[in-house]
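Multiple structures follow.
Next, two complexes with subunit A in common: one pairs it with subunit B, the other with subunit C.
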Partner chain A sequence: MPQITVSQFFIMLFLCRSFSFFTIVPGLRESASGSAGLASLVLFVVFSVLIMLPSFLILRRQKGVGLIEFAYQRSQGAGFACATLFALLALSVAIDNVVHFAVFITSAVYPNDSNVIFVVLFTLVALYMVYLGLESTARFSGLALILLLGSLVMIVLSLAREFDTVGLISPFLGGVRPVVQGGAVTVNESSELMLVLLFIPYLKGNVKKGFLWWVLGVFALLEGMIFVTLCTVGQYAVTQSYPLYAVAKMARLFYFQRMDAVHMVIWTMIGLIKSALYLFIAQRCLCFLFGAKRKNTILLALGGITILCSLLLAHYFTAYQALYNFTLTGIPLYVAVLLVPVLLILIPGRRRKEDKA
Partner chain B sequence: MFSFLKKKVRQEKRREYQPPSPVPGENERLVASLSDNMIKIRGLCGNSSDLTDRRIAVGGVEMAVLISEGMVSLATFSEIMAEPLMNSGLGPDSTPQEVLQFTRTLSLLGMDQKEFYTYAELFTFLDSGFAVLLIEGEALGVACGMQGFSFRSISEPSSEVNVRGSREGFVEPMRINMTMIRRRIKSPALRFEIMSCGVRSKTDICLVYMSDTVSGSLLDKVRGRLRSAKLDVVLESGYLEPFLEEGPLSLFPGVGTTERPDTLVAKICEGRVAVLVDGTPFALITPYLFNENFQSIDDYTHRPYYATFIRFLKYAAFFLTILLPGAYVALATFDPELFPNALLFNIATSEESTPFPLMFEALIIHFIYELMREAGLRLPRPIGHAVSIVGALVIGDAAVTAGLIGAPMVMVVAVTAISSFVIPTLYQSITVLRFAFILIGGTLGVFGITLGLTAMLCNLCAKRPMGIPETAPASPFSAYPMRDIFTRVSWRTLGQQQLQVQDLPGSEVDDSRQ
Partner chain C sequence: MKRLSLLIALVLSLSLPLCGCMETIRLKDRAIVQAVGVDYEDQKFQLTFQYFVPSGSGGQTAFDASELNNNIIRSEGDTITEAVSEATRKEGKQIFFGSNKIIVIGKAMAEENLKKAVDYFNANHQLHPSVYLMIAEESASKIVTAQISRGIVPASAIEQVADNAMNHRHMNGGRMVDVVSKLETGHDSVDVPMVKLSQQSGKPEVEIDGGALIKKDKMVDTLTEQEIQGIIWFLGKMEDATMTVSLPEKGSAALEILECSSRMKPRLEEGRLVFDVKIRCDSALRELISDEGGDITQEIVPLVQQMQERKIRQLINLALNKTLRGHGADILRLTDHVKKYLPNYYNEHRDNLEAMFENSGFNFEIVCNISRMGLEASGN
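Here is the complex of A and B:
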C-alpha cells in the first residue's frame, strides 16, 4: 500500500463523504430532513467516534500492519475471507457511487440523455486514476478540496441576499426519533470509516487527530450546507430531489445567472475521486488473493463489473433501492468496522488456549 | 493473427541500439615514428582537406604540428606555440625526450595542455580546436587548446526576454557558457563535470551543480541516466531530455530548459542539477516542477505585489488558454442557458449565419492559427511580416465577413492565443490540450470537459521528476515553500532561508551532500 500523509488521506475521505450530500437520491433515505437534519449531524459526530473506538484500540497493538495483513497473520483463511469481504464492500460502494452519479445527471442535468455514455466514461476515467496510483489521486484531492471550498463560498455569497431564517424550525418538532434516526443513517452512509481501518498503518502522521478533524470537517460542511439550503429555500428543500443542486441553480454572482455548472464540475470531480479510491481498495484486496502481478488485469475486470452492474442497477431502480436500503441499515459497515476486528482478535486467544491444552 | 502480430512486436523490440563500428585503426596507439603516424592519420581521415600539418625541427628533432583549418586561432598559435618552439634554446643534438620535457615543463604552450596516446584521442582534440604536436621518437602526442573558431556573440536570449536584469544569454560553445556561470557564483562549491555523449559526435556535456546544496543521490541519478543514453549524435539538449524524464510520453515537461545564465544559477542554488550541451545555447535543468513554468527572472526584480499579480495572471492565462475554446463550445452547444442573456443573443445572432457547427468552427480556426504560427517561425525574416498581414486579413476580417466563422469565435481565438504566449514553456502541452478540450467539449459538453480536466490534473499529479512530486508544494501542501508559488514574498523573507528541492513535501530525494 503506498504511503500518503494523514492530511491527504482525510481530505480524500472528506471529499468522498461530501459526495453523497451532493447527490441525495429521492426516495432512498429515511433520514431526517429539514431542521431535524441540523441536530442529527451532532449525533453523527458522536456515533462515528464511538463506532471507531474499539477498532482503534484493537489496531493500536498492531503497529505497522493493516487489517488484512493482520488477518493473514492470524490464518490464511481469515486473510482470504477478510480480503474478499473488503473487496466486495469496496466494489459495491464504487458501483453505488457510479449509479448515484448516473441517476443524478440523467434526471436533473441531462434528462434526455442515456445512462450508458455517462457510466462508461465516468468509470473509464476512474480506472485511469487508479492506474496512475493512489498518490496522484491523493494529491489531486488537495486541489479538488480548494475548488470545492471555493465553489461553496461562491454559491453561499451569491445567495447571501436570499437568506431568511424563517425557514428554520425547531429540529425536535417531529420528536427525538427523526433526529436519532437521522444521525444513525448519516453514520451508516459513511463507508469511509472502513477505509480508516485499512489505511491506518500506511499513513504518515497522527491518525487520531486526522480522524477527529475529518469528523468535525464533515459535520461543519453538512451543517453549513443544510443551514444555507434551509435559509434560502426553506422547508421547500425537503420536497426537492436534489436540494443543493436547486440552490446552485438559484445562485447568481455578478453576470452569471446560474451556478449549477460549477456545482456539476465539482461534484463530478469528487465523484471520480470517490470511485477511484474504492476501486483502488478493491484492486488492492484482490491483489492479496490473486497476486500483485495481475493488478492491471484485476483493474480491467473491476472496471467491467462496475460498468455492467451500474447500468443494470440504474435500469432496475427497484433492485438498487433494495440494495441501498440494505446499506443504510448499517450492517455492512458494522461488520467491517466492528465485527471483523473483534473476530480477528479472538482467533489467537482461542488458539493459545488450544495450544495450552 | 494475434500471435503473428505479437511475434512481429517481439522481433521489433529485440532490435537494440547497435553503436556504430569504430573506423578501423581508430583506437590504435600512436607509434614512435613520425612518418608512420602521419601516414596513419591521413589514412584514417581520408586525407580530409581541412587537416593541416606542418613539419618543423626543434632542437634537431623533427616535430609535426596538426590543426583543423578554421578551428584554431592563428594569432594565439603564433604567439604561444610557434614562437616558444622556434626560440626553445634547445641544442641541435637534443633528444626526443628533451624536446618532450621542454613542452611539458620548460614552456607554457597553452593553459589547456594534455597528452594523449591513441589516434581516436588525436581526432577528438583536433575536432575540438586543439593544436596537436607529434614528436619523432615519442609514441604520444601533446594537445594544446587554442580554439579560434567563429561563434555567435553573446546576445539577449530569444526565448526568454525580460524587462529588468541581465541581457546575456548562453551561446553554442559550452566553455563560454561555463564562464558566464562561474562569473555569477564566485564560490568553490560550484562544480562542473564534463562528460562525453554521442558515440559518433562525442559531444561535450557538462553537469553543473553546487556541491554544498545538491543531493548526492540526485546527482548520481542524473549521471547514471546521461551515461546510459545510447545515442549516435547529440546535436541539441533536447536529445538528452527523454533520458532525464520519468515519463517521456507525459504531456508536461519534467526537465526544464533555459537560455539564461542567471536563471540557471538560481536553479542550481536550490539543489537542482543543470546540464550544458556543447553546440546549443539551451541548458537542461532537473528536476523541473510544474510551478516553475510560471516563474521568471522578472518576478524577482519587480516589487512583490506586482510579481504576485503577474503570477496569478499566468495561472489564469494557463487555464484560460486550454479551457476557454472548449468551454465556449461546450456551453454554447449544450448549455446555452448558462450564458447571460445579452451575450447569448449576440452569440446566437452570429452563429445563425455560419455554416459549420461550433466545434468545427473552433477546430478550423485554431488549426489555421497554428499553421500561421508555425509558418511565422519558419519563414525568413524579410518576408515574415507577411504572415501577420495574412493572419489579420484571413482570420480577422475575411473569414468573419464571408460568414465562415462568427465574431465571438475570433475573440475566443485571440484571447486564447495571447494567453498562450504568457507561458511559452508550456506551449507544446497547451496546443495539444486545447485541441483535445475542443473535441471533448463539442462532443460531451461540460461533463466531458470536467472528465478531461480531472484526467489531466491527475496525470500531472502522478509525475515525479527525479523523485519529487511535480505539483509540490501545492500538493502535497507545505506552507513554507508556498511563499514563492502563487505569491512572491519580499526578498527580506525569501533571503532568510534557502529552500532546496529535496526539502519539498513528498520528496524521495535524500539530503546527502557530495
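Here is the complex of A and C:
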C-alpha cells in the first residue's frame, strides 16, 4: 500500500482547496462577498472542525483505519455500500474539477476554442499521475506549493502600492445571514474533508494535527486573498467572472508585465493534483469491489467516464450548474462525513473468529 | 534494432504536439492594436483602431524606428463586437487587443453612455485592466488617427503623455480598472481624464486637459485641471507633484510635494453629516521668484506654508463645488467612508445618500510642512 507523510497529504489538500478558490465564479453561488467573506471564513474553521469531530471520535480507536476499512470491519455489506458511495462521490468531484478547469480556460484564456481538447488532455495527464502513484503526486505537490506561494507573494508585492483599506467595512452591514451562509457554503464546497477520512490508511503521522494545520492554512490563504482583492482592486473584482484571475492579471513586477500566463501554469498544475487525488481514491474504492489486480482497468474506466461526463457537463452548462448547486447544499459532504460514520457505529460489529470459537 | 526503431518512432512522434492543438493565428495575420477609439453616431458604434505595422509608413526596412509604424482601421456596427468583426473582415487581420495601450471614448459616446463602451473592453480577456481609458474632447477617431511622431507608434506617445500626467498628478486614476471599480461602487460617479489634440510647430500633439465628470454612466460636465487637482488633494495622492503658490508682495514659491496623505471620517452633527478631513503634506521649497530678488530663508517658510494651505483649500472647494454640490456626484469616496464608519446611517439612507451629501458639511484640517529648502544659502 503506498504511504505518504501527513504533511505531504495536507499540502495536496491545501492545493486542492486553493484551486477551487482561484477558479471560483462568484455569480454561480450565493455566498458572502467583501468584508462579510472575511468574517465567514472564521465560521468555516469552526464548522469544519465541528463536522469532522464525530468521525475522528469514531475512528480514534482504529489506528491506521480509514472509513471504508472501518465499514468492512462492521459488515461486508456496509463495506460494499461505502466503497460504492465514496467511489461515486470521488468520481463526481474529479469530473467537477475537470469541468471547472475547462470552463475557466475557455472563458478566461481561450474563449474561441472548444472544451474537448482541454477536457481530454487534462484527464489523460491526471490519469497518468494516478498511474505513477501517490508518492510521485505527493512529491510533485511540494514543488507546486512553492510555486503557488511564490506567485501569491509576487501578486501581493506588485499590488502593494494600490492598497486602500476604505473598502474594509463592517462584515455585518447586510446582517448576520450572509456571514453564516458564506461560512456554510465554504464548508460545503470543501470535499477535501471527505478525503481526510478515506486517506488515513495511506498516511504516516498525526492526522488530526495535520487536519488542524490544513484548516488554518486554508483560512490564512483565503483570508489573505480576499483581503488583498478588497484592498487593491476593490469593486473591480465584482465585475469579473474570475476575480482572483483578474487580480493576477493586474500584477506587474519591474519589467515583468502580463504574468497571468505564469499563474495559469501554476493553477493548471494544482488542478491536475486535485483531479489525480480524487481519481486515485475512486480507483482504490473500486479496488475494494473488483479486486486490486484490476486497478489499471479500473483506472482506464474511470478516465473514460470522467472524459465523457466532463464533455457533457461542459456542453450543457445548466446541468453542470445543477450539479454544482447540489454540491453547495452540503448534502454529499454531510452524508460522507457525518451520516455514514454515525450509521456505521450503529451496525453491530463482526464477531472475531476467536470469540466465535 | 527493434528497440532503436521504437525509440526513433517515439522521438519523431514527439514532433506531432508541436503543431499545436488549437487553431493558430500567425503574427502577420494579427492586427496588434495599440490604440482604439470608440465614437457613437446615428445609433452606431464607430471604432477606430491604430495597429502596429513595421513598414506601415513606407519604411524601407522590415522595421524602421524613425517611421510611425502604424495603420488605421475604421469600422462601425450596431454593437462593438460587430464593429470589431467588421474591422477583422475589412483588413483581413484578426484584431488583437493584448498590446493595446489606450482606449479613447469620443465625447458623444461618453454623453450617451460610457458604460456601453467600457463593458466590452472590461469583458475582453486580452486587454490588461491597467490600460488607459480617456475621453476625447471631440471625436476619439481624431486622437487615434493622429500621427504623433514620438515613440515607435503614435499610441506610445499618448501613453507617455498619460504616464507623465499620472506621475505628476495632473490626472486622477485614468486606468480602466479605476473607472470600472468606481462605476461599480454604487454611487455611479467617476472622473475620467480628457485628452485633446493640439498642434505644435505644425505637428500634432496630445495633452491631458482636465477630466470628464461621469454620473450614472453619462458625461455630465467637464473638470478643469484645478478641479482635478482639488480631487487629488482631497484623496491625499499629491506626492511627487509640483505646486506654485503666490506670496503676497513677495512673488511666488515653487514647491515639490514629497509626501501627502489624507484621512476622512464622517460623523453626525444634529442629524447632519459632517466629514472631518485631515490632509497632511510634506514639501520641499525649490524656488522663490521675487522681483526683489529674495533668497530662500527660514523666515519665508511659515508664509509659504500658510499660502500653500490656502491654495489647497481653494482647489478642494473648486472640486467640491463642481462635483458634489453642482451635480451630486460622489467622486471623493464619501459613500465608502459612510459605509465604513456609519454603517447604520448608510443602511437607513442608502437610497437618498445624494441628498444627504448635498447638505453635508466639511471640516478641513490641512497641515503643510516644508522640510527641505535646497542648497542655496543667503548671502547676508
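As a convention for this text, the second predicted complex is superposed on the first by the 345 of 357 C-alpha atoms of A that agree within 3 Å, B and C clash if a C-alpha of one lies under 4 Å from a C-alpha of the other, contacts with A are read in each partner's own complex, and residues count from 1 in each chain.
Throughout what follows, contacts are C-beta pairs under 8 Å (C-beta built on N, C-alpha and C of every residue); 3 or more make two chains touch, one makes a residue touch a chain.
These numbers come from a predicted model, not from an experiment.
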(message) Contact-wise, after the overlay, does A:8 reach subunit B, subunit C, both or neither (first, second, both, neither)?
(response) first
(message) In the overlaid three-chain picture, which partner chain does A:212 touch, first (subunit B) or second (subunit C), both, or neither?
(response) neither
(request) Have a look at where A:121 lands relative to subunit B and subunit C in the superposition and call it first, second, both or neither. (result) both
(message) Touch test for A:111: subunit B only (first), subunit C only (second), both, or neither?
(response) second
(request) Using the superposition on chain A described above, determine whether A:139 touches subunit B (first), subunit C (second), both, or neither. (result) first
(message) On the A-aligned overlay, A:65 touches which partner chain: subunit B = first, subunit C = second, or both, or neither?
(response) neither
(request) Examine A:268 and indicate which partner it touches, taking first as subunit B and second as subunit C; both and neither are also allowed. (result) first
(message) Shared contact residues on subunit A, subunit B side and subunit C side combined as an intersection?
(response) 109-110, 117, 121, 257-258
(request) Can you check the complex and tell me which residues of subunit B touch subunit A? (result) 331, 335, 337-338, 340-341, 444-451, 453-455, 457-459, 461-462, 469, 471, 474-477, 505-506
(message) Under the stated contact criterion, what part of subunit A meets subunit C in this complex?
(response) 107-113, 117, 121, 166-170, 172-173, 233-236, 238-239, 246, 249-250, 252, 257-258
(request) Sort out for me which residues of subunit C touch subunit A in the complex. (result) 21-23, 98, 122, 125, 128-130, 177, 180-182, 184-185, 333, 336-337, 339-340, 343, 346-347
(request) Would you mind writing out the residues of subunit A in touch with subunit B in their complex? (result) 5, 7-8, 105, 109-110, 117-118, 121-122, 125, 128-129, 132-133, 135-137, 139-143, 255-258, 260-261, 264-265, 268-269, 272
